[in-house]
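Across the two complexes that follow, chain A remains constant while its partner is chain B and subsequently chain C.
Right, the complex of A and B next:
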C-alpha cells in the first residue's frame, strides 16, 4: 500500500491507495505518527483509493486516532469505499470512526 | 467399537452415579451429624457433576488429521520471555528459526535485555520489547507482551511459544492446513516436557488433558488456547481486540457522563469553587456534559461527542483564563498610568497570548484543582487513556490470558482445533516450590475467568461450549471437596460419628458399581496412559486450589492483588521444602492417628466392624493420594540419563 501526505493550514491529508491490511497497518501507524510529530494535529485519512480493509487496518486507524487525540487534535476518515464501510459497521466501529463524505466535510470549521 | 464402548461406559457411569447420589440425598443422610453429613453429600455431588462433565467431553472425542498446509501463508513465530536464562531462550529461538515452513521469528523480550537483543541481531532474529506507550500503564504480563508485538508485525498467522518450548521443524507444516477452513482461529498442540522422569513425581505431564480432554472439547468446538504451542489467526485476534475496544469505549463514556453531574456538584462544594473563575468554568462544563449526554442518548457518534466536549471545555478554560488576564492587564495599565509601576511595563499582546495558552493547558488549568471533574473529562474519550494500546487483542482480564481469549473467540463464532501430536518439547518445573507456584497461577487465572466472564452467562457460546469451559473451571473447585474427603473417615474412626445413617447393603450395592464403572471409563479413555498422577494431584493440592479460589475471588470482587509471580524456569535453590506442604502433612498425621484410634475403638467395641473397615479403606486411599507429595518433596530434579532424550535435544 502507498501513502502520500498533503498538508494544508487546517489539516494534513493522508492518502492511502491499495489494501489496508495486516501488512500495511504498521506502516500507516508510522506515517500518521510522523505527520502528527511534525505538528499537524488534525489529520484526515482519505480512503478513496483504499479498496479493502481488514481488522488490522482498522486497528491501526484506532492507534492513529489515539496519536492525534493525545496531541490535542483529531483524526477523521473520508471517502470510504463499500467494503471499508461494511467492516466499520460490522464491528460497530463507525460509532467511533465516523466516515465523512469528503475530506472537506471532515474538518468543516478548521 | 471404541466410541460405542466409551459411550456405554459414560451412560452407565451417569446412571449409576445418579442412582447412588439420589439415595444419598433422599435416604441416607445422618441428620444428627449434619455438620459432616451435609458437607460430605455436597462434596459427592460436586464429584458427580465433575464426572458428568468429563463424560460429556468424552462423548465427542475427536481425532483429526491435518490437511496439507497452504502454499503462501505468512507466519510470525513469537517466543515470549521475561527473565529466563539467555541460552534457554536462544535454544528455542534457533530451533524456531529452523522451522521448515517460511516464517519470521521474533523474540518478545519483556525483560528488555540488551544482551538478548545482541544475540538476536547476531542470529538474524527479530527482537521486540514494549513500545514507549507502555510506560506507566498496566503491563498485563504475557498478554501485554503479545499485544505489543501484534501491533508491529504482519504475519497472517502466529505461532506462540514459551521460552522453553523447543519447536520441531515440522510444527507449521503439520498445523497450518487447518486454517484452510476460514472460520478456524486457533490450533492448539500438546505441551509436553522433556525433563520429566517416567514416574513424573510432580505431575507435570498432563496426558489426560493433552489427549482425551482437549479432544473431547474439540468435538464440541471448544478446544481451548493454553498459552503456548498454539497457532492463532491474526484477523480473529484483531477482531476480538476491536470488539473489545468498542465495548470498552462505549462503557467508559457512558459511565463517565453518568457520573458527571455528581462530580460537578461535589466540585461546587469544594473551597476552590469559591473563586468565580472556577465557578463559571463549572457552569460551562456542566452545560457541555449535559449536551454530550443528550447526544449519546440520541445515538450520536462517539468520536464527535468526545471531541466536541473536549473542544468546548478547552475553549471555556481559555476564555476564562484570557478574561482573567484582561483584568490583570487593565490593572497593570492603571498602575502604569499612576506612574507607580512603570518599571513593570505592560505585557506585549504576543506575550499575553502565550501566557493564556500556557495557563490553559491541562496541567495548569483551573480545572486541575478539581480532580473529580478532570477525571470525568479524561474518561470521556475514545483513546482508552488508562491502557497502553487502545486495541488489546489478547484478553487481559486474567493472569491466564489464554483461556479467556479463546472463550471470546468462540463466542464470536470462531472455531478451534486441537491437534494431537507433540510438536514442541518444553521444560517443566523441577522442584515442588516452582510447581506449586505454577499450579496456583493456572488455578487463579481460571477462577478469575469464571468470576469475570462466566461461560454459562456468555453470549454467543453454544451450550456444549459453555459446559466445556465450565468443566475446566469446575475441576479447580476440588480443594473444598478434598478437605471433606480427608475429614470424614477421620471423624468416624476417632469419634464414631457416621455421616450416613447406616452402612448396610444399601450403600454397597449403589456405591461399588458406580465406582467400578467410573474407574473403567478412566482406563478406557486414558488408553493405558496413567491418569493416577492427575487424580492424586487434583486432591492432594487442596490448599493450593482453595487458596486460588479465595485469592481470585478477593481479586475480582474486592480488587485486591493476586500476589502473582512468574513461574521460574530454572530450578530453585536446594533446600528443605516440607514446609510447603504443611496442611497436607497435618492431614497425613490426622489420618494416621485415626487409624490407631480406630483400632482401639474397634477393640473396645465403641466402633462397629463394617464402619471401621470402610473407613480404614478410605483412609488408606487418602494416604495413597497424599503420598505423591512425599515423592515430590524428595525429588531432586531431573537427570537426563533417566530416559532417552536424543529425540528431544537435537
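Right, the complex of A and C next:
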C-alpha cells in the first residue's frame, strides 16, 4: 500500500492507495503519527484508493484517531469504497469513524 | 453432488506476503467465477483474508518448523467454501470476543466477530497436525 500526504492550512490529507491489511496497518500508524508530530492535528484519511480493509486496518485507523485526539485534534475518513463501508458497518465502527463524502466535507469549518 | 465451478489453492509460510498473494488469488478466482454476485464476493473474500491474517498473527507453531498457511477455496453454484489451514500449529480454539469487552477505542479483537458476520458458517477443527478453519457462505444467486 502506498501513502502520500498533502497538507493544507486546515488539515493534512493522507491518501492510502491499495489494501489496508495487516501488512499496511503499521505503515498507516507511522504515517499519521509523523503527520501529527509535525503539528498537523486535523487529519483526513482519503480512502478513495483503498480497495480493501480488514480488522487490522480498522484497528490502525482507530489507533490513528486516538493519536490525533490526544494531540487535541481529530481524524476523519473520506471517500470510502463499498468493502470498507461494509467492514465499518458490520463492526458498528461507522459510529466512531463516520465516513465523509469528500475530503473537503470532513473538516468544513477547520 | 453439485459441480465445482472454480477452485483455488495456495500454501506458503504464514506471513503477510502469503496473505497478500491471497488477494491476487481472489482476483483470478472471480474472473473464473464471474457469476458470483458482488456482495458475496466482497463478504466471502474479506472473511477468508481475515481468517488467514488471524493465522499469521496468532497461530503458534507446534515445533521449530515454521508455520505454514494453506488456503483452499471452492466455488459451487450456490456455495462458497474456504478451508484455511494452520499447518504445523499447536492445538488451539479461537473464541469469539464478547462485544461488551470491545469498546470503541479497542484496536484489536474484532476479527473473529467480523468473520462470523460475513459467512453462513464457521467451523474450527483439528486435523492431524493442523488446525483448519472452514468458512462457508451460502449464495442464493451464485
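Some notes on this structure:
Here is the rule we go by: the second predicted complex is superposed on the first by the 110 of 110 C-alpha atoms of A that agree within 3 Å, B and C clash if a C-alpha of one lies under 4 Å from a C-alpha of the other, contacts with A are read in each partner's own complex, and residues count from 1 in each chain.
To be clear about the criterion, contacts are C-beta pairs under 8 Å (C-beta built on N, C-alpha and C of every residue); 3 or more make two chains touch, one makes a residue touch a chain.
From a predicted model like this one, the values you see are computed outputs, not experimental measurements.
Touch criterion met: A:19 reaches chain C, while chain B stays clear of it.
Look at A:95: by the touch rule set out above, it reaches both chain B and chain C. In the overlay built on the shared chain, the residue A:63 is in contact with chain B and with chain C.
In the superposition on chain A, contact of A:54 is made with both chain B and chain C.
When the two complexes are overlaid on their common chain A, residue A:8 makes contact with neither chain B nor chain C. Within the superposed three-chain model, A:74 lies in touch with chain B and out of touch with chain C [touch as defined at top]. Across the superposed pair, chain B and chain C both touch chain A at residues 22-23, 54-56, 58-59, 62-63, 66, 91, 93, 95-96. By the touch criterion stated above, chain A contacts chain B in their complex at residues 22-23, 25-26, 29, 54-56, 58-59, 62-63, 65-66, 69-70, 74, 76, 91-98.
Interface of chain C with chain A (complex): residues 16-17, 19-20, 23, 38, 42-43, 46, 49-50, 53, 56-57, 104-108, 110-111, 113-114, 117-118.
On the chain A side of its complex with chain C, the touching residues are 19, 21-23, 52, 54-56, 58-60, 62-63, 66, 82-83, 86-87, 90-91, 93, 95-96. Residues of chain B touching chain A in their complex: 151-156, 234-235, 238-239, 241-243, 245-246, 249-250, 301-304, 307, 381-384, 389-391, 393.
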